[in-house]
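Presented sequentially are two complexes of subunit A, the first with subunit B as partner and the second with subunit C.
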Partner chain A sequence: MKIDTASYKLKETKQIEKAALFVGAVGLALIFLGYYSNPNQFFYSYLTAYTFWITIGLGGLFLTMLHHLSGAVWSVVLRRIIEAIMKTLPIMAILFIPVGFGIHSLYHWSHTDLVANDAVLQKKSLYLNQGFFLARTLFYFLIWFLLSRTLHKVSIEQDEAFDASQIRKMRKVSAYGMILFGLTVTFAGFDWLMSLDAHWYSTIFGVYFFAGSLVAIISFLILVSLFLGSKAILSDIITVEHYHDLGKLLFAFTVFWAYMAFSQYFLIWYANIPEETIWFMHRWEGSWKIVTMILVLGHFVVPFFALIIRGTKRNLRILGIMAVWMLVMHWVDLYWIVLPSLDHHGVHLSWMDAAGVIGIGGVFVRIFIRRLKADPIIPINDPSLQNSINFINS
Partner chain B sequence: MSNQVSKTELMIAEFEGPAALIKAAEKIRDAGYMSFDCHSPFPIHGMDKAMGLKRSPLGWIVGMMAIVGGSGAFLLQWWTSAVNYPLIVAGKPFFSFQAYVPVTFGLAVLFGAVSAVLGMLILNKLPRPFHPAFNSSNFIKFSTDGFFVSIEASDPKFDKTESHEFLRSIGGRNIETVGNH
Partner chain C sequence: MRSESGTYNQIGLHSQETPLITGNQTFASVTDAISEIIERKTPRLWYLAIAFSSSLMIMFFVLIGYLIWEGIGIWGINVPVGWGWAIVNFVFWVGIGHAGTLISAILFLLRQRWRTSINRFAEAMTLFAVICAMIFPAIHVGRIWVAYWMFPLPNQMDMWPNFRSPLIWDVFAVSTYFTVSLLFWYVGLIPDLATLRDRAKSRLRKILLGIFSLGWRGGNRQWKHYELAYLLLAGLSTPLVLSVHSVVSTDFATSVLPGWHTTIFPPYFVAGAIFSGFAMVMTLSIIARKVFKLEDFITIGHFEKMSKIMLLTGMMVGYAYSIEFFMAWYSGNDYEAFAFLNRAFGPYAWAYWIMITCNVVVPQVFWFRKLRTSIPVLFVSSILINVGMWFERFVIVVSSLSRDFLPSSWGYYTPTIYDVGIFVGSFGLFLTLFLLFVRFLPIIAVSEIKGVLPQADPHYGKEH
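So, the complex of A and B:
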């Protein structure tokens, strides 16, 4: 992989695209074969892997809008990378289809015969029914598609010729988009993950889901920048100062995640209402207790003390390790949310869990690389580009 | 004219703009001056490095005070609700650490924030109602559109004629020496 010095576009990406496609195809083929051996396991593993990657894509959309809204300068050099991550969303929508087929395996509320004998689910059936569920998901993807397309379109127009109206337009789209994003992500979290346990409810769950996605996107962004840097692409443009800022955001969002996770737990613990506490009881049963402790320590305590140190954020090797660590923890978080609905009494790791993450990941990385090479890898006409390159943390 | 100056005196020079001020700061730093300062209407990125300033210890002060505040809050809650006057609240154990978290967090943030403000003031030797630089009528511009360097006469490298010459050679204008009166 190289960079074309005239157009600032990536070139010679065939090899990595092929590798990603191969990995993705093998992973997906394996997990789809798994469907024939254990359909329930397949759907749960697939949903975990799918939410893992879609949260990174959604984080890209969020960061793009945040960038335009805040008028940040330091992140201009990263803008094209986060836009490319955001542009994976339309194709990721296609990968949702297996989840749609798995509604009966995943979601208890989709069985009309069970709902008929369940007073609580009967009351919820106006919202939790198959048709509305799929329509909502379609609506979320439509919103995400329109937002990412508009933001990308204006961004590319800027490469042709700069006009101040482009900045205003991106800012305006982001302002409305942020509200739509907040609502759609909240309800996507409710629908896809919270409704796995249809009796249980937590109003903060959407924010918790969003907080996890922020941790994932920043980690992914650090790793992508490090990878490009190792190929001598943008290595003198994305400097240690930018990594330092990414490290600060990773720290901040890790704390934000913990704040949300604790807030959710705390109110349920205080009120002590059985229909709410049951969700945490499931996650404190048998070997799930270990996963819960891994999450508390690995998703908060360890990164809190590791990332609070300035040196960690400025040492690219350690920062890279922390990024991988946080991505793994993000997966553990989703696994901890999803799988107890299948394995009530303890953890049963399946090879399909790994196959799903690798399979969807291969496809995700391939789309991402193709989106990344389509446009110049830095926004060449952005008036803040030079300031962004020279950026220093003082 | 005597080269002897009183210890509270300052030499002030004006520079073109932020870029010129950064360059000047680097040259003054490299020339070996220790007690000098830069004055600009807005913060200039990279000035700390150009002036050769060391990292502020404020982060450590804030971190330590946050730990003091947080652990103090935790211990107080533990001692009052589990040791000194145990009460059953909502059927929960006396030592319910979950319930202590909000106050622990809150007090850690409060101690951190207050020590950040006070620490900043103390490290900057503020408040300071008077400074010799105020005796220069030209210096008023530092809060609108002026970019200044001031070298203190107490600096071991300071010499009235040499420093004047040096500041002029690196692009300083309107160079003047101001005292306490």
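So, the complex of A and C:
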């Protein structure tokens, strides 16, 4: 992979695209084969893997809008990478289809016969039913597609010729886009993950889901930048100063996640109402206890002390390790949310868990690289580009 | 930039930032403009204002005296509404006390340089609001002479506060917040106090300011240490901005009461606190700007940025209202559903809709540049937002308590004249403290303002 110094576009990406496609195809083929051996395991592993990658894509949409709304300068050099991550969303929509087929395996509320004997689920059936669930998901993807397309289109127009109206347009779209994003992500979290336990509810769950995606996007962004840097692409544009800021954000979002996770746990623990505590009980039985402790330590305590140090954020090797670590923890978080619904007595790691992450990941990376190479890799006409390149943490 | 810097220099235009401070200020003119406010003869308007506010303050203390003498029975509280205006006022004032530290700590970490124009008096406002807040739970304990039992003091009776009670966490959270905010505010004041000391004409003034400026000389080494200390204090204050109102929210959310027990409470309370805090900063800064002619320092741009933060936090609050409502239905729990329907359509519906109008509808005016750059619009909406935020706490506290699990005890809560008097009186205390502040201390951070002037750039005046 190289960069074309005239157009600032990536070139010679065929090899990596092929590799990603190969890995993705093998992973997906394996996990789809798994369907025939254990369909329930397949759907749960797939949902975990799927939410892992889609939260990165959603994080891309969020960061793009946040960048425009805040008028940040330092992140201009990262804008195109973030936009390319955002642009994976439309194709990721297609990969949701297996989840749609798995409704009966995943979601208890989809069995009308069971609901008929359950007074609580009957009340919810207006919301939790197959048709409305799929329609909502379709609606979420439609919103995400329209937002990412508009934001990307205006951004590309800027490469042709700069016009101040483009900045205003992107800011405007981001302003109402943020509201739509907030609501769609919340309800996607409710639908896809919270309703796995159809009786359980928590008002903070949408924000918790969103907090996880923030950790994931920053980690992914750090790794992409490091990877490009290792190929001598943008290595003197994305400087240690930008990594320092990314490290700060990774720290901040990790703490934000912990704040949400703790609020949810603590209030439910303290009030001790059985219909709420059951969700945490399921994650405190048998070997799930270990996963819970890994999550507390690995998703908060370790990164908190590691990333609070200035040196960690400016040492690219350690920052890279922390980014990988946090992505793993993000997966553990989702695994811990999803899999107890399959068996809450203990953890049963399956090869399909890995196959799913690798399979969808391969496809995700391929789409991402193709989006990244389609346009100049830095917004060449952004008025703040020079300031962003020269940015220094004071 | 290493080897290829030449290539990259050709791409991208330099962005033009609008100046934060207008009126072609120099370092000297900034010092003069802000110091002059407190060095000139006390204006008659100030005496009138403080006469008014201190009368209210005296009423506040007299009523508190009567409360202590007579007992909290003089309030409208009863079973099951055991918490009334006092707790509403407590949460209201603590909430207002959030903007100061957010502006001084979080906006500092986020490199928002516009905060320099408003941070000093926002921090002062924070301190005064927290003082008002702390009074309410203290007088609510009834036997105020044993209020010190709230602190874990070793004693021969071997009695300790209940560490599992959120109310005791409040004691720690709020007092920590107050202490750190005070330190932060004072550290920020030191260079300015030294400036005033150097300008002082009377001997007494020189000595006093000399003591409080801690021997500040403005040397290079002093500044280096100072800025590091400031950064560390900002870092330490940041979790406090979030923790205080999160802890306040646990007063409600750890219970099992429908409408109180919901997991979104901590972030929702923090967003609401920032929302109301900024509204109060807006109200006060509009007045201060006009009275002290600070148009060059607090520009329309500052108000625009504040109104955007209010729009954001207002929508977070609106988000929480909607999610709570949705979840009350989604939970399938009859009591949850009832609590929320009762809020919106029950006996306190009037308060609920005032809350929705002021907190959700009113901030929508900030979408329009024309409206968010209009001082009258900003002034009115900032006051309405604080009205709405007071009602939010009222709705939470009273509507849930007045409809408890036993329908036989249901009733309608009405405040008494003492509830109203003490609440109104607390504004007297707040305003008195604020008036003393604007009279005796620099209301804008002189040294920080200088840092955002174009002259502060090391390359100022040099050709590239």
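Following the convention adopted for this analysis, the second predicted complex is superposed on the first by the 394 of 394 C-alpha atoms of A that agree within 3 Å, B and C clash if a C-alpha of one lies under 4 Å from a C-alpha of the other, contacts with A are read in each partner's own complex, and residues count from 1 in each chain.
Heads up, the rule we're going with is that a residue touches a chain if its C-beta (ideal position, glycine included) is under 8 Å from a C-beta of that chain, and two chains touch if they have at least 3 such contacts.
In this text the structure is predicted, and so the values were computed from the model without any measurement.
Novice: Should subunit B and subunit C be called a clash or a fit once both complexes are overlaid on subunit A?
Specialist: Verdict on subunit A: clash between subunit B and subunit C.
Novice: Does the superposition put A:121 against subunit B (first), subunit C (second), both, or neither?
Specialist: After superposing on A, A:121 lies in contact with subunit C but is clear of subunit B.
Novice: Could you look at A:260 and tell me whether it touches subunit B, subunit C, both or neither (first, second, both, neither)?
Specialist: Only subunit C; A:260 stays clear of subunit B.
Novice: Tell me the contact category for A:182 with respect to subunit B and subunit C: first, second, both or neither.
Specialist: second
Novice: Between subunit B and subunit C, which makes contact with more of the residues in subunit A?
Specialist: C
Novice: In the superposed arrangement, which partner chain does A:347 touch: subunit B (first), subunit C (second), both, or neither?
Specialist: It touches nothing on subunit B or subunit C.
Novice: Output check: A:237 vs subunit B and subunit C. Expected answer is one of first, second, both, neither. What do you get?
Specialist: Second partner only.
Novice: Identify the partner contact of A:391: answer first if only subunit B is touched, second if only subunit C is, both if each is, neither if none is.
Specialist: first
Novice: Touching A:202, do we find subunit B (first), subunit C (second), both, or neither?
Specialist: second
Novice: Looking at the overlay, does A:226 come into contact with subunit B only (first), subunit C only (second), both, or neither?
Specialist: In the superposition, A:226 touches no partner, neither subunit B nor subunit C.
Novice: Have a look at 3-11, 111-119 or 165-173 and say which bit of subunit B overlaps subunit C after the superposition.
Specialist: Comparing the options 3-11, 111-119 or 165-173, the clashing one for subunit B against subunit C is 111-119.
Novice: Considering each complex separately, which residues of subunit A are in contact with subunit B in the first and with subunit C in the second?
Specialist: Comparing the two interfaces on subunit A, one with subunit B and one with subunit C, the shared residues are 266, 270, 272, 390.
Novice: Flag every residue of subunit A that touches subunit B in the complex, lowest number first.
Specialist: 262, 265-266, 269-270, 272, 308, 310, 390-392, 394
Novice: Subunit A touches which residues of subunit C in the complex?
Specialist: For subunit C paired with subunit A, touching residues are 1-5, 7-9, 11-16, 239, 242, 246, 250, 253-256, 261-267, 315, 319-320, 323-324, 327, 330-333, 367.
Novice: Report the residues of subunit A in contact with subunit C in the complex, numbered from low to high.
Specialist: Those residues of subunit A that touch subunit C are 5, 73, 119-121, 123-124, 127, 162, 175, 179, 182-183, 186, 190, 199, 201-207, 236-237, 255, 259-260, 263-264, 266-268, 270-273, 275, 380-387, 389-390.
Novice: Over in the complex, which subunit B residues touch subunit A? Could you list them?
Specialist: Spelled out, the residues of subunit B in touch with subunit A are 43, 45-49, 59, 63, 90-92, 98-99, 101-102.
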